[in-house]
Structures are given as C-alpha cells and as structure tokens.
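Multiple structures are listed underneath, in structure tokens.
Common to both upcoming complexes is chain A, partnered first by chain B, then by chain C.
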Partner chain A sequence: MKTLVTRGIQALMVAVLIGAATFAMMRSLPGDAAYRIAAGRYGYDNVDSAAADAVRDELGLGGPALPAFLTWLGDLLRLDFGTSLVTGQPVIAEIGHQLGASLALAAVAVLLSLLIGPPLGIIAGLRPGGALDRVLLVVSTGLKAVPQFLMALILILVLSVQFRLLPAAGHGEARHFILPALALALGLAAVNARIARDAMARIGAMPFYSFARWKGLSPRQTLLRHGLRNVSVPLLTYLGLQFVTLVEGVVVVEAVFGWPGIGHALVHAIFSRDVPMVQGTALFLGLSFVLINAVIDLVTARIDPRRAA
Partner chain B sequence: MRPILALAAATLIAAAPPLFADDTLDVIAQFEIQSAEPSTSGYIFTRMGVAETLTNADPQGAIIPGLATEWSTSGDGLAWTFAVRNGVTFHDGTAMTAEAIANALNIARAKPGPLAKTPVTGVEPGDETVVITLSEPFAALPAYLAHYSAQILAPAAYAADGAGVEVIGTGPYRITDLAPPLSLKAVAFADYWGTAPNVPKVSYAAVSRVETRALMAESGEADFVFGLDPASVARLGMSDAATVHSVAIPRTLMIKVNAGHPALSAPEARQALSLAIDREGIARDVLRYPEGATQLFPPSVGDWHDDSLTPLAYDSEAAKALLSGLGWTAGSDGILTREGERLALTLTTYPDRPELPLVAAVLEQQFRAIGVELTIDTTNSSEITSRHADGSLDLGLIARNFGLIPDPVGTVLSDYAPTGDWGAMGWQNDEIVELARSVGRGDGGDEERARIAAILQTELPIIPIAWYRQTLAVAKGVEGTVIDPWERTFGLPDLKLAQ
Partner chain C sequence: MTDAVMIPRATDHAVRWTGTLLVAAVLAFALLGPLAVPGDPFAQSLLKALAGPEAGAPLGYDHLGRSIFHRLAHALRLSPAIALAAVLTAGLAGLILGTLAAARGGWTDRVLVTLADALLALPGLLLVLIVLGIVPGTALGFWAGLSLVLWVEFFRLTRAATRDTLASPAVQASRLLGFGPAYVFRTHIWPEIALMMLTTAAFGTATAIMAIAALGFVHVGMRAPTPELGLMMVELLPYWREAPLALLSPVIATFALLLGLTLSAGSRTP
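Up next is the complex of A and B:
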C-alpha cells in the first residue's frame, strides 16, 4: 500500500516535470513554430509565408508562455490532452492508436528477449568459466555493441533480402512483428543473459545451494526449487531499467521498420513543433515508466524468497 | 532450452508464408498521411487513384479533361464554365453533382494552397456546369484545378467547418481502411465512371527511412517503391527483384540567393558563384544523373525550356576574375575579403530530400576553390521560408517543383514576380513581373516565356544546379508502369500483375 502511495505521488511529480520540461524545450527551440507546423501539415513544396500566417492565426501562436502552460496543466487535470497542431486530431486518440502499436511491439520484444537471454545466461552461470559462458560473454558484448539501427538493417538484409523469409517492413500482420521485435530483443537479451549468468553464478556458489545438492536434490531439482526464483529477482528489477533502453530502441526501430508507434509519433511531433503531441507522448512514456516500476516493485516483493520468508 | 530455441526457429519459418502471392499491389513512399484532409494529404489520395480533380495533365503538361469534360471562358475572361461529367458516382453511392463540385472547390479555396492565390471570386453550380468567376483574367485556371488540393470529394467528406473527415472520392479505387500516419488500403470501385482498373486491391504504406524502402524493393515485397537515394538506385540496378524506372520531372535543384545581401547584390557576384559550380560533376558523381542543369527550366516543362539559351558554364578562373572585379581580394587563408569583410556565407538546406545535404557538401568545396567560405546549415525545410520572411537567409539549397500546378506559370508567378518563399529574394525586376502576369492572363506566349528564361539566366536570382529525375523501383512481374512526370498519379489503374 505504501509503495502504491509513493508511486502515485511520484507519477504526479513526473507529470508536472515532464510537462514543464517539454514545454520549456519546445519554446526555446530556434526557428518559427508557425513555419514548422505549416511544413508538417502541407509538406515542403507548399510551405510559404501565407501558410505559416494561416497557421499562426488559427492556433493563436506567439502568446506569452506562462498562461499557455497553465492552460495545458489545467486541461491535463481534466484529462484533456488537446489536439495535434499538425493533424487536428485529439492527442489522446493519436496516442491511443500509437501507444497500442508500440506496447504490442515492446511486449513481443521483451518476451522474445526473455526466451533468448535468461535461459542461456542460467546455463552459462551453472558452469562459470565453461565454454558456453565464454562464448556468451563475447556474443552478448558484441550484440550490445551493435547500434539498433544497424542491427535492424542487418536483420532485414539477412532475413528479408537474402533468404526472403520475412517482410522487411510494414504493420498489420503477425509476421510483421518478428523483425522489429528481434532487433529490439537481441540487444535486451544480450544484457539480461549477462544478468542471469552473474546471478546464477553467485547463487550457485552460495552455501544454501550446495546444501540443497548435498541433501540429495538432483541438479535439475535444485535449479527449479532454489535457483530460478532467486535469479528472477535481479532479472525483474533490471527489466524495469531496460524499459528506458526499450523506449530509446522503439524510436529507432519504428523508424526503420515503418511501425506506426509512439516513438515514431514523438520524432515527427518534435520535428514539426507539435507541442501538445510532444507533451502528450512524453507524458505517457514517463508515466508508463513509473507504472512499470511500481508493478515490478510489487512482483519482486512477492517472489523474493528473502522477503517472502 | 533447446526445445525453446527450436520452437522459436520453427515459429520464424512457419510465420513466413510465400510473401508475394497476393492480388494486392503494394506502394511504398516516404509521404505520411496526416488525416483525411485533402489540403494536407490530398496528394496521396489523388496519386493512389482515390480522388480526382476537374482537370488532368498529360505527360507533356497539356491540361486534359478529368471530372470536367470541357471548359470555356467568357469574352472578358472573367468567368469560366466547366461542364460536369455525367454518370460519376462518389464512393458513398451519391451522384457527383455541380453542387457537390462547387462545395468542394469553395472549401478548398478557403484553405492555404494554390487556389487561394488565384483571382477566383466565386464558384457557383449551374445546370450541369460549374461557373468560376474571377477578378481579373487568368488563363492558367484549368491547371490550378488539377492541383490535388482542388480534388472533388462528396459533401459528406467534410465537417461543418470544412475540415476533411473522410475520403469520399470518385476515383477508380475506394478506400477500405485509412490508418494515419502510415497506411491506407483500397479496392477497385465497382461504379467507377472510367475504365475499370486491372489490379483489384492496392495498398499504400509510408516508410520514412530510405534504407528500408530500398531493402523492401530489393526483397521484392513492395511492388512500387518511391523516393530512392542515388546509392540505392545503383544497387537496385543490379538486383533481379525489381526494375528501376526513371523519368525527367519538372523539378530543379538550385540555390536560392539573397540578392539583398551586400556580397550578393551585384549580378556578377551571383554569376561568379554559378561559374564555380561543376554541375557535370555533381550530376554524375552525387546524383548519378546523365547531365547537370544548363538553365532553370528543365526540358520536361516544354514551353519554358529554351534551347537557344547560352548554357550555364563551369569556369572557376572566370569566377575569380568576376569577384576580383567587384573589389574582393584573397586573404592569407585563401578566403576573399573586401574592406575587412570576409566572403563567408551560410547555405541553408534540409534533409527531406536525401541528396540535398550531399550536394551542399560538394558546393562547400567548389566555393572554397574560388575563395568563398560556406557554412552548411541542414535544418527543417520551413527555415528556408522563415529566413526568407525575416531576411536572414544568405543562400538556400532547395528542390523546386515547377509542376505543382501542371503549368509552370503558377510557380513563376509565385516565385519571381517579384519574389517568393521558394524563389527570388531581395530582387526586383519590373520587367519579369509584367511578363509573368501577361503569361498568366493568357495574352503572353513563347516570346514572353523566352524573355523570362533569359532574364533569370543572366540575373541569376537563383542558381540552377541540376534537373531532377523521378526514380522508382517496380517489382518484377508488374507490367505497364508509366511514371507521371507531374507527380500527380502513380498510374495504378493501368498496371497489371503478371501471373
């Protein structure tokens, strides 16, 4: 209960801070916002002073900053996120559409990374210094070092262009998930394999683990009963942190794979000075960070054998 | 763990049915769909064959009938009567009437766009006709009606305030799923007034990264891929999955010059910059085009291109001589100075077209060779117009489309008579204003056009560099590709999917 209250206050502070920060940043960017918005709406062939003036008149741009910010905050309290300056659609509708696409992609990526990383890490951690452990160290360091942009292109080149197994980009069908999710998952798996390996090695060396073996449990039973639960605690905590990597990756990966998600929306909103969209997307990303950490707090509290006892 | 890995691998393979065995033609380009609003995203709807305009343009730029079958003008040139095509049905099943057309055009001209810049004073429905009244004669009006923002949608397509809420057009394809910002799906419209299209289903997807678009062409999963960079075109030329098509389009890569800048106000200074540019080199090595521009108007704009004009030359020695004639002398670092002022300029450009920053980098070298220091500022495209408005632009590297209206006089009027956001800046030439207006009214002809081209060639309020080519990759198995040089249509209804 106490965690939830703390997290609730945290969420409120995050909301105000993000709102203020994005507002201040968008205001202090160089260049005339009316022209940027006009370019976002009409494209570069059609942006001219007349279009910019029309945008300025329509949106009442260029007023003082403080009243504009307070209006936004007031609207926010009534759960009104405003309308996009470029498309004229309500921000909440745009985010709802895009956040869904991003969450689906992120969920598949995390799932995939959990299927790849921790199992390999645990096997490696059971025999620290073994062949698999050493190979895994090299592979995961290598994978982590490859920028996601490059990883995405390599996957497309190999799986789409060379072997023609999967579509290079697109959205709408199940097979469109695989490449972008894999591009995200490999980077995540590289790290959570290491986390799992270190946790396993540490736990495997602990007296209680040896005791479990000594009292007659098979290696398999020892792992299932005393290993996995302990390994999963640092892994889950780290998963919360990985959300940052995931958001960052989603921005890049969505652009490469033509995925209509929130990262893509954020980039375009910043480019065309769509302040309500930037505030809305940043707010949702920030709040989901708080939410995910709250959930992870609760879950680890439940499964950590030390606290559960 | 092995079973899990095996399962993952099996999923990968099982999830990969034959990719291209479908009856949908997939179009990929960089343009994102904002919404159902025709003034912002209308060009996607017209190119995909969903919405249509009163007039069309043939490949030579001649205006031909569209939803209007013919048109005529009153004796004083102040009223145009367009005959409405019979038997045209909107995608919602309602008939296209003169009232519906007048409604669509009146909404269009109230929004920012080319139509708002014409001297149109009213659009009224008549008896199977639409009458457009003007405050002064304007011969190019039919060309303006071919612009995508003048597309005719059903009355139900607009909200009460005129904003587009649904795309209800008359074209050969009817939208079944519009999912901004990235995709739309459409099927052949059974009650289309013209020839039924060959391909039953089409889809459009916006992919912002040029690398991905090229790879989609290379993997064969997209049938029609637009917006390829020169390097991808070279690589796709070797691929067996797609064929690269290319056609000259009425778009020119050029430098917009602030003629009000103290260092650039003399025509000789602008000529010197022009002489410093190795257009052949840029065209061949950066753009991979066969030739550079020899004048502003490309041969594809027909009437406006003048073969007898002396071509723009590359001669850095002559450039240096012109600048030294203006009082510039080389400083210790090779950069020219005059009265303590360095000849240092900022070139503003934008990355929306991937070749622009590349060309900017080459220009920096070529200008340095004649002692001009160039700083490149790659930013948002709107900075060109915004810096034009506040006078802070020195040079802008831009790609200007003369085919927005399929009659280049529209661009000439807005850019050079006397200045314009994407044309001349700080430049005043009364003669060109008169000439352009006379061509616009309809009483000026070849002679006036040639004079306009000649003035621009010697005065150089803008410095042409290259004429664009439209390149697209078409999957093997797609037949009947015709590239529209006016960038108005993808030509989907004429395509065939080979079995």
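Up next is the complex of A and C:
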C-alpha cells in the first residue's frame, strides 16, 4: 500500500516536471507563442492579431509567468493536452494512433531479450567461473558498449545491405520486425543475462539450494522448484527499470528504421518544436514507467512475500 | 551485485586498467593526432571526395572531401569534453544534494528524493531533447540536459552511503569529540563513496557520449558541419560500399571509447 502511495506521488511529480519543462520550452520558442498557438488552432491562413490576442488573453501568455504556468499545469492535470501544432489533431488521438506500432515493437524486443538473456545467464550462473560464464561476460560487456543506434547500423549493414536478407526499413509485415527488435533486444539481453547470472550464482551458493540437492532432488528439479522463482525477482525489478532504456532505444531505433511509432513522432515533434505533442508524449512515457513499476512492485511482492512485509 | 561469487580481484584490476588504457589511447589520438598531421576538419575539396588514405589525411576523405582523420579527432574532443563537463556538474550536484539529504533528513530529504524519483521515470534522451529545445546553443544544451539526467544516480548513491556512514559509531564518536561537518565529510564520508563516485562517473561519461552520438545519428543533436561521432556515421552511411574505411573509423572509435569507459568502471553491473 505504501509503495502505491509513493508511486502516486512519483506520477504527480512526473506530470509537474514535464509541465514545467515544456512550459519553459514554449516560452523560449522564437517568435510570439500566441501566434503559434493561434496558427495551430485556426490554421495558418486564419491568424490575425485579433486571434493571437484572444489566445494570449485566454492562456495568460502576455502576463507574468506564474499564472500562465498554473493554467498550463491545470490543463495538464485535467489531461487536456491540446492539439498538435503541426497536424492540428488532438494530441491524444495522435498518441493513440502511434502507440500501437511502438508497443508492438517494444513487446517483441523485450520478449526476444528474455528468450536470449536470462536462459544463458542462468546456465552460466549455475557454474560460476565456467567457460560459458567467461564467454558471456566478455560478450555482454562488449554488447553493452554498443549504443542501440550503432547496433541498428551494424545490423542494417550486415544483414540487409551486405547479405540482402532482410529489409532495412518498412512496416507492416512480420519480417520488418526482425531488425529493429533485434537491435533493441541484444542490448537488453546483455544486461538481462548479467542480472540473471549474478542472481543465479548468488542463490546457487546459498545453503538452502545445497540442501535441496542433498535431500535428493535432481539438478533440474532444484532449479525449477527453488531457483527460478528466486531469480525472477531481481530480473523483474530490473526489467521495470529497463523500461527507460527501452523507451530511449525505441526513440532512436524507430528514427533509424523509419518505424511509425511514438518515438518517431517525438523526434519529429522536437524537430518542429511541436510543444503540445512533446508534452503529451513525454507525459505518457513518464506515466507508463510509473505504472509499469507499480505493477512490478505488486508482482514481486506476490512472488517474494518477504518483500511485502 | 554480489561479493560472494564475483570475478577475482586481480582480474578486476586488470580489466579496469585495460579500460583506462583504451580510453587514454582514444583521447591521445584526439589530442595529439592533429599535432602530428596538421589539417583542417572543415576544409573541403570535392575532387578528393571519398578518396583513400594519403599522407595529409591518414584515414582518407569523406563525401565532401574533408579529412576523416581530422574530423574524427575533432569529434573525439567534442563529445568527451561535453560529457566530462556534464559528469563533473552532475557529480558535484549529486554529491552536495545527496549529502544534504542524508544529513538533514526530514522534508529536505523527502523533496529531493521525490524529485530524483520523478526524473528517474523519464527517459534520459527525452529530457536531453527537451532541454535542447529550451537552451540556446547545442553544446550548452547537451551539457545542461545531460547534467540534469546524470545527477540522479550520483545523488542516490551518495545519499544511501552517507546515511549508513552517518549512523555509524565512528561518526558519532567524531561528533562527540566536537568535530564539525566538514571534518566528518572529509574523513568519514568521502573515503566511503570516492570509488563508487568514480565508477558512476565512468558509466555516466559513457552514457553521455552515447546520448550525444545517438541524437547526432538521428539528426536532432549537433548540427551539420560540426564533426560529431553520430553525425559522421549517418553522413557516411550511404557511401558504405565506396568507402568502408570512412564509415568504420567513427564506428570503431566510438566503440573503443565506450568499451574503455565501461571496462574502467569495473565489472560490477550498473
């Protein structure tokens, strides 16, 4: 219960921070913000000084910063994001439109990383210092030093330019998923594997684990009954924190592969200084992080009841 | 994460040194390279576009006939300089605020922790992008944005370690003997967190360099004529077949720099 309250406060702070940041961004735009917003609302051909003045009065743009900021925050807290300065569509609709593609990509990437990383990490952790453990350490350290955009670049060069196996860009078919998802998954898997390995090695060295073997369980039974559940707790917790890395990766990878998702939209919004769009997207991403971690808090408390106490 | 089944100390030491040497090698190239082979990173000569290596340009020319060697050296000064400035600012801010939160407790602590938690929920690249939209000047924006992102980690570590140390009998004894906060910080807290700060600084520098390169690569970071790692890669990508060396140079340099920083931070998981 206490964690939920903490998460609630975190969510509120996220909203205030994003509000403050985007407000500062709006104020620092070159030119008159009132004209820009008026243009966004009524179309560029219909803007005159009367329309701009109306907007200025309504939003308090002409006055001191504080009341304007409070109005800005008020809109934000009522989840009124306004309309995109570029397309004129409500921001909510725009985000909803782009979200599906991003979620699909992120889900495939996380799934892929979970298929690659933790199994290898657990096998390596069962024999700390063994051959697989050493190889895994070298490979994951190397992979961690490759930024996602570089991974994307290497994958494009090798798999689609050199060998012409997969399309470098595009969206819609299953094979378009492979490269962007792999570019994201390899980086995530490198860290996943280390977390799983460390957790497995720690748990494997505990007395209760040795006891399970000693009382006659096979290595397989020991792992399934006593190992996996314990390993899953740090893994899940870390997965929640990795969400931020994932979002960053999604932003970059979508831009590289031309994936029509939320990250792609964000980069474009920043490029054209579409503040309401930036605000909506940023708030959405921040709140998703809080929500996902709140869920993970609850799930880990369920898996490991010692934590709930 | 665990001390029980970690890599042996000697190996860890060797790994750190390898990393430090790798970083030193890359920086030596950036600082000394242009002194050994003088040249201009901006001078164009379209006749030499994508030409191979020669005496005046040991790594060949890019698509506009600019020397890759000098552009790379310039880029390898720019990103680490911004990253270092951001890490120093963030480290100092994190150290001060973390110690303050741990020492004062109460509302100071609560407000700072809430702020840090909220920042933690936001993707770093997103914050940097927003700050870039506010602050005029790209280098300045990167410095401000990255500092804003990186201080949280320093703050959390400092606060956690300082809280434990302040509760220790050694500090209580020090206080009873009448030593002031400055003395307690210098003799008890700083030795406890110094190594941790160094590790975090290495990771932070790597994160910062990655962020600058990633945003350059998707055209929202440094602007076109500036030589920057990510920007160089995306510029040279279309000429991969004609001049593979031109593209590989920034790729290898970036990888070596980031790998060196990760290794010098030690084998602990972040």
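We take it that the second predicted complex is superposed on the first by the 243 of 309 C-alpha atoms of A that agree within 3 Å, B and C clash if a C-alpha of one lies under 4 Å from a C-alpha of the other, contacts with A are read in each partner's own complex, and residues count from 1 in each chain.
Heads up, the rule we're going with is that contacts are C-beta pairs under 8 Å (C-beta built on N, C-alpha and C of every residue); 3 or more make two chains touch, one makes a residue touch a chain.
The structure presented is a predicted model; accordingly, all values stated were derived computationally and were not measured.
Of the two partner chains, chain C is the only one that A:V14 touches; chain B does not reach it.
In the superposition on chain A, A:V158 makes contact with neither chain B nor chain C.
Shared-chain residue A:A107: touches no atom of chain B or chain C. By the touch criterion defined above, A:Q89 reaches chain B but does not reach chain C. Applying the stated contact rule after C-alpha superposition, one finds that A:A301 touches neither chain B nor chain C. By the touch criterion defined above, A:L4 reaches neither chain B nor chain C.
In the superposition on chain A, contact is made by A:A201 with chain C only, not with chain B. Once the two complexes are overlaid on the shared chain, A:F271 sits against chain B and chain C alike.
After overlaying the two complexes on the shared chain, residue contacts for A:V251 are found with chain C alone; chain B is out of touch.
Put simply, chain A uses residues 153, 157, 161, 255-256, 271 to touch chain B in one complex and chain C in the other.
Across the complex, chain B is touched by residues 31-32, 35-36, 38-52, 54-55, 86-89, 112, 115-116, 119-120, 123, 153, 156-157, 160-161, 164-172, 174-175, 178, 255-260, 264-265, 268, 271-272 of chain A. For chain B in complex with chain A, the residues that touch the partner chain are 1, 4-5, 8, 12-13, 15-17, 19, 28, 31-32, 34-35, 37, 39-40, 43, 111-113, 116-117, 163, 179-183, 205-209, 211-212, 215-216, 218-221, 350, 352, 379-383, 385-386, 388-389, 401, 404, 414, 420-422.
On the chain C side of its complex with chain A, the touching residues are 1-2, 4-5, 7, 114-115, 117-127, 129-136, 206, 210, 213-214, 217-220, 230, 233, 237, 240-241, 251, 254-255, 258-259, 261-263, 267, 269-270.
Only residues 6, 9-11, 13-14, 16-18, 21-22, 24-25, 28, 128-129, 137, 141-142, 144-150, 153-154, 157, 161, 191, 194-195, 198-199, 201-202, 205, 234, 244-245, 247-248, 251-252, 255-256, 266-267, 270-271, 273, 278, 282, 285-286, 289-290, 293 of chain A touch chain C when the two sit together in their complex.
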